[in-house]
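Before any comments, here is the structure.
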Amino acid sequence: MNDILEGLKAAFFMLVSLDPDLVEITLRSLQVTLSALVISSAIALPFGSWLAIRRFRHRRATIAVLNALMGLPPVVVGLTVYILFSRAGPFGVFGLLFTPTAMIIAQVIIITPLIASIAHQSIRELWAEYHDLLISLNTSSRQRIAALLWDGRRALLTASLAGFGRAIGEVGAIMIVGGNIDHATRVLTTAIALETGKGDFALALGLGFVLITLAIAVNLLIHGLTRTESGSRW
Amino acid sequence: MIRAIALVVGTLAAMATQSTAGELRLAVTTSFYNSGLSEILLPAIQRDIGLEVQLLVVGTGQALRLGEAGDVDAVLVHSRAAEEAFVAAGYGTHRREIMYNDFVLVGPASDPADVSAADTATKAFQRIAEAEIPFVSRGDDSGTHKKELALWSAAGLETQAFGRWYRAVGAGMGATLNTASAMNAYVMTDRASWLNFGNKGDLALLFSGDPALFNQYAYLPVNPARHGHVEHEQALALERWLTGPRARDLINGYKINGEALFVFNATDN
Amino acid sequence: MVTSILPLTFRDATVKRRGKTLVGPIDLALAPSGLTIVLGPNGSGKTTLLRLMHGLERLSKGTAEWQISDVEVRRRQAYVFQTPIMMRRSVRDNLAYPLIVHGTPKAAARAQAWNWAERINLADAFERQAPLLSGGEKQKLALARALIRKPEVLFLDEPCANLDGRATREIEEILQEAHASGTRIVMSTHDIGQARRLASDVLFMLKGRLHEHGPAQAFFASPETPEAAAFLNGDIVE
């Protein structure tokens, strides 16, 4: 219990004094996770929506696989990305290992299935609602997707934010592919792991509280910017 | 608004850098890192020879693997047999001893196996095995782990035959110490990690001083003949510094609570 | 002068699902003008017939042919569903959507949307989210949305089934106006009074077949079949 109080104190002082190391790793956490989020959303949202309205032969199997991929263990993804991008591996020539780019790649792999799956589910329900109307209005396939994406944007935002939540707290994969190098690839979660390993629980918890605050702040900001919960809007 | 976010994120993403000139990737063991010595050495290295050392803190096994794959430019570990095999297989150019510290036996302050009264490390280990008091092992094929296994072996004991009191966690030094602290168990650790450890709980240093617990650190540059991209010149520059007078003074002078941790023992090539 | 897409000719048209015949076989020619009421008890296949005409159901057997080929055809039709399908947008955007989707610039589309909103007394709710409207308001909106593109043929599937008297009257007024200005209307209902008020000709459905059809006056005055007579009498017909 004492550790928790010490942790809260540590978090408070770090935030108030804008500790430069803290600022650095916080910005890097945001850099990595937001980059991964944008890339993943760009892939997952259209794909999930497309999957919701297209009928093709192996559709059920594809949906099942997509849902299953949500359960990919991050540390396994990290290990695989490491092997692929190691100098001894097929993509080693790009020299991406132990850089934030490798961390972004690993996180994209982890959160894309999650975002796609949630997007698929909500767009599918909306499509069931709009189906007859959009066919009756003689809309093209592209127009249908556009209407579903726009009218379903709140649900898609939720899907993206779910991906964000998964990524900002992820540590296994980015520890392996990033290496937790000080001033290069250290982020909030890997720093927490490091301080825990040193037995400095108070500092680790402090960083943890900062991470939670960051996650909440980002969510609030996005909801605020998109005015999700104001008035009687959909 | 979406465009603004994309712009910001794109800029941030473009800031991802790779190793450039003036940078060196060095794989070191958790034991070395947890001692806190790198916090002293790295800034001095930057100042003296303008080299930014990027540390990857992993277990000895993983450090040597990184060297084999060419993912780092040099390796600093403490497991002589593994190091010599590394050089013999052509992954490293040579092995250069830098410094040593020692391992110590830590355990519950009440010392139920009475190791503090033992006169050798081997005897201390035997006492623990006979009393079957919980003992936490690194279990991760690291230098520390290999040293621990060598000691059990010297005591004529087979870890495979141990009962449930022997807990192999497969983790770094810090995590292992955390586990030992939580379980109030015995654990073998390097002195530096112990002194720097923040969660001691009821544990205390119970046995040390036997030369068998001697722990030699060595520096191995990765072989450029194997991996042409490694920063070999920088690796050699770092080696010169690590075996020079400045490093000697910093390493010998590094103390925690007035206790010196490392002894510089590099000799001329 | 643009060619009409009517007549729509059904020959031996049948819709089957899971082995069960929902509608058919039907032989029918939908004439180029008039306000046709599709009448019949529940389960007689009215909805399926309308959906088939509009292309929302596929034929299992037989043919359905419009006067001109398929591509143009659905563009010149519109459909109002029994339960109105509202897009999760404002009244304005719901009304403008059919126009925008077919190439009308946004400003012009919104201007037309405003005109229609005034016409159906929803000007006050112009910016309100459509799903939040009352049942009657939604159906008026659906009807306006269907008419905004000036379709040649308008299908309605029991549009007033869940509405009160006032809303029903408003809908019927709009339909009369549309019919008067040349829109071909095909509408199903099980409300005999409504059929009498609106129909120029009647299709009487029973058990998926076209049991009787003809001009409204003749049908209501003296139906040919005993089932039609019983239905008009208010009896339960199976």
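In this document, chain identifiers A, B and C correspond to the written order of the chains, with residue numbering beginning at 1 in each.
Quick note on the criterion: contacts are C-beta pairs under 8 Å (C-beta built on N, C-alpha and C of every residue); 3 or more make two chains touch, one makes a residue touch a chain.
Note that the coordinates shown come from a computational prediction; the quantities given were computed from them, not determined experimentally.
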Chain-level touch network, classified as line, ring, star, complete or other: line
Centre-most chain, if every chain is reduced to its averaged C-alpha atoms: A
Most remote chain, CA-based centroid, reference being chain A: C
Interchain centroid distance [CA atoms averaged], chain A/chain C, Å: 47
Centroid distance [mean C-alpha coordinates] between chain C and chain B, Å: 80
Centroid distance [mean C-alpha coordinates] between chain B and chain A, Å: 33
Complex contact set, residues of chain A against chain C: 126, 129-130, 132-133, 135-139, 143, 147, 151, 232-234
Complex interface listing, chain C residues touching chain A: 54-56, 74-75, 77-79, 81, 85, 87-89, 97-98, 101-102, 129, 131-132
Complex interface listing, chain B residues touching chain A: 1, 5-6, 8-9, 12-13, 15-19, 25, 30, 34, 54-58, 68-71, 172-175, 177-178, 181, 196-200, 227, 229
Residues of chain A that touch chain B when the two form their complex: 27, 30-31, 34-35, 38, 86-89, 92, 95-101, 104, 179-184, 194, 196-201, 225
